[in-house]
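Chain lettering (A, B and C) follows the sequence in which the chains are written, and residue indices restart at 1 in each chain.
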Amino acid sequence: MDKREYQWAWLMVLPVVLVVAFSAIMPLMTVVNYSLQDIFGPDSRFFVGTEWFKEVLRDPALHGALFRQIIFSGAVLLIQIPLGIALALCLPKKGPWVSVSLVLLALPLLVPWNVVGTIWQVFARPDVGLAGVFLNSIGLDYNYTGDAIDAWVTVLIMDVWHWTSLVILLCYAGLQAIPDAFYQAARIDGASRWAVFRYIELPKLKGVLLIAILLRFIFSFRIYAEPFVLTGGGPGNATTFLSQRLTTMAVGQFDLGPAAAFSLIYFLIILLFSYVFYLTILNMDREG
Amino acid sequence: MGSNRRYIFLGLWLVFLMLPIYWLLMMSLKTNQEILSTFSLWPQNLTVDNYVKIFTDATWYPGYINSTLYVVLNVVISLTVALPAAYAFSRYKFLGDKHLFFWLLTNIMAPPAVFLLPFFELYNSVGLYDTHIAVALAHTLFTVPLAVWILEGFMSGVPKEIDETAYLDGYSWPRFFLTIFLPLIRSGVGVTAFFCFMFSWVELLIARTITSTEAKPIAVTMTRTVGASGLDWGLLATAGVLTLVPGALVIWFVRKHIARGFALGRV
Amino acid sequence: MARIELNNLAHQYAPGGDYALQPMQHVWEDGGAYALLGPSGCGKTTLLNIISGLLQPSEGRVMFGDRDVTTLAPEQRNIGQVFQFPVIYDTMSVFDNLAFPLRNRKLGEDYVARRVTHIATMLGLDGVLKRRANNLTADAKQKISLGRGLVREDVAAVLFDEPLTVIDPHLKWQLRRKLREVHEQLNLTLVYVTHDQTEALTFADKVVVMLAGQVLQVGTPQDLFERPAHTFVGYFIGSPGMNFFDCQVEGSEAIVDGERIPVDPAMAEAARRAGGLLQLGIRPGLIRPAEDGEPGHTIKVDTVEDLGDYELVTGHLGQHKLHVRLEASEKISGDGLRVVFPKENALLYSDDRLVGQGEKNGG
C-alpha cells in the first residue's frame, strides 16, 4: 500500500489518457454542444439553453422507457445475482469437468449481441421455435410478438441466458480464492452449510459481487441490440428501453437536440447509481 | 453432502444454456420447407444448402476478415497502452491518480447509444470513417479502462521487492518490464486480452454506425444479407451459427488460462 | 480430554500409490503436549488432518480414549484446530467468533456468554470482545482461533498447524508462553505441528520427529538430544547437528580411519549383530578436550568461531569432517586438538538407525 510518489508516472499513463480522451472527450463535447442548440443544418444553429432538457424531462415516452428500464434492471439484478452465486457454488472445484463447465458457461458471453437476439428469435417463435412450440403444446397461449407480458418475460429470460454466466464466473473466481482452512475450521466449529455460506463465502465474495452488480447494472441499463432484434421494442412499446428510445430519437427522427440532452441525463443516472453504490460499499467496510 | 443435487442443478443450467444454440444449429441444417411444415427435434432431411449459399456469397467472407482485423487491432492497442498505465497505477502515487482512475472507469459506463452520432461525426471529420482502425479506436473507449482495471489487480499481486531488486541489478525499466515483469503476470495479460476480445467482438451498435462497406463487421453483414431476403429461417440460423464459431474457438483455446487467471487474480 | 491412540495407522492419497504416511502405532498420553517436527512434505500435516478428521486414513484406526473416531467427522470429534493463517469470521465481533462453535451446538445464551467471557479472560481478549475480529492483529486473530477451540468444555485435544508462521518474531514467544499457560490450566492434550526445532523443543513434553511419512522417534527433547534414534534426528536437532563417521566395529571399539574409539560393549555387540552400514555418532557438545596424559584422538583444526558462550571448532578426524563445541575458556594451540569421545556419548548406528533399540520407536 505504501506507494512511492512519482510524478513522471504520468508519462506511463499518458497513452491511455490520449487514446480514451480521443474517443470520449470530443464526442462528449459534441453531445453537450447538441444538447444546448437547435440544429437545422450545418450553418443554422440556435442556442436554446436548457430548453431540450426541459422538453425531455416532460416527455411521456421517455418516462415510460425509463420506468420499464428501471423495472428491467431491477429484475435482472434480483434474478442474476442470487442465481449466479448459487450456480458458482455448484461448480466443481477441480477435475476435468471444470474446463468443460467454464467453456460452456462462457459461450453465451461471446455471442455478438444482435445474434443473441437472433438465437432467441429462432428459439422462442411460437411457429418454428423449440420453446415457443413446446409452451403452446402444453396449453400455454404463448406468443412474444403479440403479447406484452410474454415479450417482456422473453426478453428477461434472454438476458438471464446471456449474462448470468458473467456473475457465475466472477463468483467462481472469488470462491476459488478462499483458502481450505476456512472450510476446515467451519467444519470443526460445527457450522451448518448455511452458516458456511453466510459467514465465510458471502463476506469473501463481497469484492467480486461489487464488480458483478456494477457491471450487470450498467450493461442491463444500456441494453439495446438484443431486444431490438427479438421484439423491435414491441409489441407496442412494451420492451422499448432507454437506449432504443434514444436511438429512435437520434437516428430515426433526427431530433439531435433532445436526443443529446437525453443522452446526458441517461449517462448521469448510470454515474449516480454507480457512485452511490460505490460509497455504500465503502461505508459498509468501515463499520465496526 | 448434497453434491448430487448440486450437479443436477448445474447440469440443468448447462442444458438451458445449450438448448437455444442447439436449436439454432438444427434449424441451420433444415430446409425452409421442413422448418415451416413439420416440427422435429432434429432435421428429417439433413441439408447443408444454407451453408453452401452463405459460403458462395462473395459479400460474406470480407465480413469475417473485417471483424477479425478490428478486434485484433483493438486487443493490441488496448494492451499496449494499458500495460504501462496499469503499472503506474499499481506502483506509484501521482497527482490526480485516483480521479484519473475513476474517470477511466466512467467510460465503461457510457451507453454506446449516446456516442453514436458524435462518433459518426468524429471519424468522418478525421477521415477514418469506414476503416478498421476507427472501429478499433472506438472500442478502446471501454476496452482500455477495463484492461487497466484488470491488469492493475494482477500487478498489485506482484511484490514490489521484485522491481527494486531488478533496478539494483542495473535493469532499465523497459528491459525489466519486458523480461521480468510481463512473464510474471502472463496469465493476467491472457485474461485481459480475452476480455478485450470479448467486448470488441460482441459490440455491434458502434461498429455498425462507423462502417459502411470496407470495414463492415461479420454479424452485420449476415443479418443484413438475411434481412433483405425476408424471413428465411434456415439462412438466418446458419448466419447465427457462423458468428458463434470464432467466439467458441477462442474460448476453447484459452480455457486453461481462463481457469488459472480466475484462480489467481481478483478479476 | 483424551488419550490419542493411532492403531496401525497408514495413509495413501491414491490406492496403490506411495504412502504419505507409513504404517505406525502410537499412543499419546492424555494431557500431553506433543510436537510433530519435520521438514516440509514429511507428512506431519497429513497426520494432523487425520487426527482432526479432515482426512480419513486409508488404513488403521484412530482412538480418542476408548472411542473409535476413525470415521467421525471433525465436528463430532471434540477437537479444536488452529491453522497456519488466522481463520476468523470477518464479519463477526470477537464475541460472536468465540460463541460460534457453542451456538452451532444450540447451547443457551447464558451459558455461551459465561464460557466466552471465561475463555476471553484467560486469553487476554476480554478488552476487545465487542470489536470486529477483522480489524485485529495477527496474534490476536490466532488467539481467537485458539479460543474457538477452547470454549467447548468437552474439547478433547487442540491441534496446531504451524500457528506462529504469520506472527511477528517478538510476539512469538509471548504467544507460545500463552499456549503453555493454557496447557497447564486446562490440562488439554495439545498437538503442535512445526518445522522449527526451537518451537518444538520449547513447547512440547514429547517431540515426534517425522521424515518421508515415517515417525523416526518420539521422545522428550532430552531423548532427542542425547539418544537420537535415527541419524536424521541427529542432524536435524541441535545446531550444528550430530557428527557421524563411517566405521567398523572390533571388540568394543569403533574404528574410524584407523582411529580406535572405545564404545559401550553392549552397543558394539548389537552393532556387530545388526551389520549393514555402520556409523559412529556423537554430539559436538559432548566431545571434550583430553586432559594431560589422557589417551585421546588428535583432530586437525580448520576454523574456530567464537560464538560468545562457546567456541565452535570445525576440523577433521582423518578424512571425516567434524564439529566440536568447546567452553569459551578452552585454549586451542596450534592446529591440532586432542579430544576424547566419552564412551557413554558415542553411539553406533546401523543403516541410519541407532543399534540396540529393536523396533521400538513408539513412546
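Everything that follows uses one rule, which is that contacts are C-beta pairs under 8 Å (C-beta built on N, C-alpha and C of every residue); 3 or more make two chains touch, one makes a residue touch a chain.
Given the structure is predicted, the values throughout are model-derived calculations rather than measurements.
**Q** Quick check on the contact network: minimum steps from subunit B to subunit C?
**A** Step count on the best path from subunit B to subunit C: 2.
**Q** Using only Cα atoms to place each chain's centre, name the chain farthest from subunit A.
**A** Between subunit A and every other chain, the largest centroid distance is to C.
**Q** What pair of chains has the most C-beta pairs in contact?
**A** Pair with the most C-beta pairs in contact: A-B.
**Q** Counting only Cα atoms for the centres, state how far subunit A is from subunit C in Å.
**A** Computed value for the inter-centroid distance: 57 Å.
**Q** Mind checking the centre-to-centre distance between subunit A and subunit B? Centres are C-alpha means, answer in whole Å.
**A** Taking the mean C-alpha position of each chain, the two centres sit 16 Å apart.
**Q** When you check subunit A against every other chain, which residues touch at least two of them?
**A** Correct list: empty.
**Q** For the complex, give me every residue of subunit C touching subunit A.
**A** Touching subunit A: residues 52, 54, 73-75, 79-81, 83-85, 87, 89-93, 100-101, 104-105, 131-132, 134-135, 145, 148-149 of subunit C.
**Q** Give every residue of subunit A touching subunit C within the complex, in rising order.
**A** Going through subunit A, the ones touching subunit C are 179, 181-182, 184-185, 187-192, 195, 199-200, 203-204, 287-288.
**Q** Would you pull the subunit B residues touching subunit A in the complex into a rising list?
**A** Its residues touching subunit A are 1-2, 6-7, 9-10, 13-14, 16-21, 23-24, 27, 35-36, 39, 41, 77, 80-82, 84-85, 87-89, 91-95, 97, 100, 104, 106-119, 121-122, 137-138, 140-141, 144-145, 148, 198, 201-205, 217, 219-220, 223, 233, 236-237, 239-240, 243-244, 247-248, 250-252, 255-256, 258-259, 262-263, 265-267.
**Q** For subunit A, which residues count as touching subunit B in their complex?
**A** Going by the criterion above, the answer is residues 3-10, 12-13, 15-17, 19-20, 22-24, 26-28, 30-31, 34, 86-87, 89-92, 98-99, 101-115, 118-123, 127-131, 133, 161, 165, 169-170, 172-173, 176-177, 193, 207-208, 211, 218, 221-222, 224-225, 229, 242-244, 246-247, 250-251, 256, 259, 263-264, 266-267, 270-271, 274.
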